[in-house]
Amino acid sequence: MGCTGLIGQQFVRMLNNHPCFELVALTSSSRSAGKKYKQAMNWAVGGDIPEMAKEMEVLETRPKYLLQCEPKIVFSALPSFLAEPIERFLRSQGIFVFSNASSHRWDEDVPILIPEINPDHLEIVRQQLSRDKGFIVTNSNCSTSGLVMVLKPLERFGIRSATVTTYQSISGAGRRGLPAMEIEANIIPFIKDEEQKIERESKKILGRIEKKKIIPNDVPINASCCRVPVREGHLMSVVIELKENVEVRNVAKALSAFKGAPQEMRLPTAPECPLIVMNEEDRPQPVLDVHAGWPERARGMAVTIGRIREKARNINLFLLVHNLVRGAAGTCILSAEFVLRKNLIG
Amino acid sequence: MGCTGLIGQQFVRMLNNHPCFELVALTSSSRSAGKKYKQAMNWAVGGDIPEMAKEMEVLETRPKYLLQCEPKIVFSALPSFLAEPIERFLRSQGIFVFSNASSHRWDEDVPILIPEINPDHLEIVRQQLSRDKGFIVTNSNCSTSGLVMVLKPLERFGIRSATVTTYQSISGAGRRGLPAMEIEANIIPFIKDEEQKIERESKKILGRIEKKKIIPNDVPINASCCRVPVREGHLMSVVIELKENVEVRNVAKALSAFKGAPQEMRLPTAPECPLIVMNEEDRPQPVLDVHAGWPERARGMAVTIGRIREKARNINLFLLVHNLVRGAAGTCILSAEFVLRKNLIG
Amino acid sequence: MGCTGLIGQQFVRMLNNHPCFELVALTSSSRSAGKKYKQAMNWAVGGDIPEMAKEMEVLETRPKYLLQCEPKIVFSALPSFLAEPIERFLRSQGIFVFSNASSHRWDEDVPILIPEINPDHLEIVRQQLSRDKGFIVTNSNCSTSGLVMVLKPLERFGIRSATVTTYQSISGAGRRGLPAMEIEANIIPFIKDEEQKIERESKKILGRIEKKKIIPNDVPINASCCRVPVREGHLMSVVIELKENVEVRNVAKALSAFKGAPQEMRLPTAPECPLIVMNEEDRPQPVLDVHAGWPERARGMAVTIGRIREKARNINLFLLVHNLVRGAAGTCILSAEFVLRKNLIG
Amino acid sequence: MGCTGLIGQQFVRMLNNHPCFELVALTSSSRSAGKKYKQAMNWAVGGDIPEMAKEMEVLETRPKYLLQCEPKIVFSALPSFLAEPIERFLRSQGIFVFSNASSHRWDEDVPILIPEINPDHLEIVRQQLSRDKGFIVTNSNCSTSGLVMVLKPLERFGIRSATVTTYQSISGAGRRGLPAMEIEANIIPFIKDEEQKIERESKKILGRIEKKKIIPNDVPINASCCRVPVREGHLMSVVIELKENVEVRNVAKALSAFKGAPQEMRLPTAPECPLIVMNEEDRPQPVLDVHAGWPERARGMAVTIGRIREKARNINLFLLVHNLVRGAAGTCILSAEFVLRKNLIG
């Protein structure tokens, strides 16, 4: 759902020749509905439009059209105000919804799932299943995903607080979300709701399950967000206050060595190394590193990290996350792979 | 009218402390109406918001509100679909409308006036005055204005044809007209209707008056237009086929020496030299030269020209025009000054 | 030779797992010599540094070091002033040099080869072989390659003249060739020697062989060149004056259907369709289309064309060429494949 | 000295028609020496080249040429490695040197002077005068100047620490310092020595004089610096940990109300309000706000501040400083005005 936007395009690209999923329908707003997919937008996510999708007719995003296609799983790249009722309805119809929209992230029984970080949170979808035949699993905000990927392996050192400052690319505002005159050769020190999302979502994702509920983490996160004239990839400067002094090389080691459930399960979209520490003095850079990740199917799924520095008890570092892939479509697909392997999809 | 857009802002900037005109009202769409001007937009045309306008309340663009302010002259930076009926109505109410909108450019009795180029075309507004108490004078398309400024002084050499290729800045698409993802580090080889406007408007502007009608010029113009990631200023490569071989220095001399009616009349917004020929091998450049023009009030009113080259009978050159000033608000104001001096405004 | 620059990187990328060529040595200036290839530069041409090259030690560009590696073929991405003597010397030592440098392009017995366009020009290297054991084959200037690819199939309609105006990306100036302050949000209407190269090289490439000499084509080419803030890909507006009126669809057909020797021979780096005509009203665009070309190995080898328009006897169109691939490394490699298939390399 | 670079150009621009200083000589490297100033570079700092400088012949930066012009004051925009011996020599010859170079910033008897912040530090130049007939006064690094301007008025609330993350424009790297391919549509998370300069210089500037020595401030500053594709203006996100909770409005009030010695003395280049707090949710922005400062002569001398937010005991805010004006030439000139008024220049 929402196949013509940048995240929708990434979904189509990443679902191409997928070993577990088969594309049965594409939906979009009424403006593009009825067109062949290849004519519904300018393909802007690299390579060619996948053959399987090129000639598919785009449906309008209405539940009844979707249900006629009898999907088991729906990936949602809808704007939030649309997503809320549609995703809820689809769930009630026994569909498993993996959503990039923010509308259900705060439902008590809906996890914000990043399979490397909080695979145990999947547990709470059972509460949805006790009520509905389907469920909704959400994705975090794009910046949050990069941040928690780096915080998780450092929890062993004891994190007192984290200060994060972002350099977010224009693709994060969507295909038509940001006027060129506002950002050309400029920086905008404001992204609506973004700082709150980072601060709040990271607490839920890093929270622990207790009595079938997610108890949010209480490490204070202080976020400041800017839009920068870059096409893809959110760079972030992070200052992490630790409970004790830790050497840079131990931080680097903890990050490089990090693996999660998707790596152990060898899920198709899991990058072999989810965190890549770069030694060059001037990396990561969006243009050079945004597509990090291996194997091929996991391009854009690795978070790159550089310039790890120790300042008293603070660890400073830069990280780069592909906002449309690891920060959106890619993690949604990885979550679906994970759920499938967990036999939660009948 | 239309005071919050980029051209509207230029109007306000250029009308500040104007020796002939006093600002009595500002209008915009209902979104900004009711706000103080300083809160109605991000001021993006340099310097500070003029004191006189800062605290003015913006009116909604409706004729009745405007008429209550009893203006003599209205400058219009409305989108064309809105401009057509409003400008016509205002004229019927005895108002003198100077418009940057394209809606009336093709009316038989409405000139596309550039006072340096076709001051004699003002004549035809008398036909409007025979019917209405006011009249409409239009401005050309922004690219056209740069082109004809350069073609006019070369007519003496006999022009067979002209081929023009543009590098047009994003401000030409308006404050919110172009999504950042489309143009960031990119070129778009298409601007809707622009090539036709250049080809057709330049013929009307360079036409001659015969029996009170404008007989369009018949020199073929071949235009190709691109949008480029530049904030302000349209650069254009022009190849002019002449009837005979002319030396580069004679072309340069004809251009540099050019003066028109506004210069002779010393109109407030007239640049001393409307055409500035640069000798550097790599100029004009938008960032360095877009504000050319002297005195202070005429900043952005001069067209800069460089790299004049002779190839067989062709003269190649680059020109740069400030699309929001010479190509829009500035020429409108210059036309009003010219009309005022001609005693056509009672 | 010259492996750390952008064109050198493209050579390495395109020679990875090449079915005909094996990489035996990499050279660069003394600044990088002695380092492992992966440490010698920031890899900036997409994907990862090929495994085979990553750990190779970079040699300094000196003939004696090169000869010790006993290469049969040398690909040269040297700056011209260095290339002249080194390439000549290597030829004298029986090496087959495929060069992107301009230094030998005007030698009488050296072709500027684009295998789709002038495969018959290869003939003249025999004159080099009568004197030396090796030979030099050159590549055209990056913009020229795009232009002649489009002119060649239109020769059947009779070309009277062509006017070309370029939008050239910053990568064309090399990795460190252009200061950011000069081009950020700006256009520079000057590229040293570029217009002359386009005008002159296209005549040689489109020339015919007569008595073992290349007789240059005499169609006048009028070029105007600008640098634009785009990373990769040179967009060009071309106006082609034909001897007769030709319908747009026939022009489109002639371009789409074009195939040359590399396509017939199914050379590894040959794109199936060297010219791709796009029907969208706003294409080709550098960001979206620069990597056109199929199969995978031929990415960036296809020239995309759009907005074909008829104006009197002129055909207007836009074309986009990947300046580092089709305009440089890719055509060099294609030429080597072609020469190999022609059994000219012992 | 160093008149062709961007900071040198700003010096020339700001010294135009200066009420206290008269320009007697311009120097640059041998590349430009001997040329008229107007031909020695592309003027890139707005407006026209001042008439007084246009036709001046540029001298090579050698002390003997300079001394022949008998200047009382020398403004230095030299690169540091050149500045060290030349500035020292000029001082020994009785010249008062105001330098933007970093070479003497750490001399015990040389202040890093920002007249609004540490006017009392001027005191220590007397130690130079006890030895030499002239003295050297330095300027801080461009980012540092913005940071300390904001920290100073907040000292009353007790500052525990500050974390600063920068978005620095390409002009900070000089006219030719940064290749376009590295920064186009990209971010570089590294600026050589910048973080150390910010952390160290701010401590000296905010230090107190004790027994004729500067005792550095001991508030820990944690800096992370990035280069962004913006032409002018360094934006910075600052998180300031205070000793107690302070309301946002009180922070805003303290900043807005701040005045220093230059304001009291009404120095020509002093902005009326050195700190401007903006209320809009998305400001300051480099393109819109970099030239803040009033009156005309003080354009670019005001630091703009926005998005002041309270998070526990932290105050978050964004600030924007014109790196070439307040961060370089402007503060140098302001210092000279201040010194002159203090009667320290005979």
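Each chain carries a letter (A, B, C and D) given by its place in the written order, and its residues are counted from 1.
Throughout what follows, contacts are C-beta pairs under 8 Å (C-beta built on N, C-alpha and C of every residue); 3 or more make two chains touch, one makes a residue touch a chain.
Computed from a prediction, not measured in an experiment: that's the story for all the values here.
The interface holding more C-beta pairs in contact, when B-C is weighed against B-D, is B-C. Averaging C-alpha coordinates per chain and comparing to subunit A, the farthest chain turns out to be B.
Separation between the centroids of subunit A and subunit B, computed from CA atoms only, is 47 Å. Distance between subunit B and subunit D, defined via averaged C-alpha coordinates, is recorded as 40 Å. Looking at subunit D, one finds that residues 42, 44, 184-185, 229-231, 282-283, 285, 287-288 touch two or more other chains. Chain contact summary for the complex, subunit A toward subunit C: residues 42-44, 46-48, 184-185, 231, 280, 282-283, 285, 287-288, 291, 294. Interface of subunit C with subunit B (complex): residues 163, 165, 167, 184-190, 220, 222, 224, 226, 228-231, 235, 237, 239, 281-288, 306-307, 311-312, 314, 316, 318. The residues of subunit B lying in touch with subunit A in their complex are 6, 42, 44, 170-171, 173-185, 229-231.
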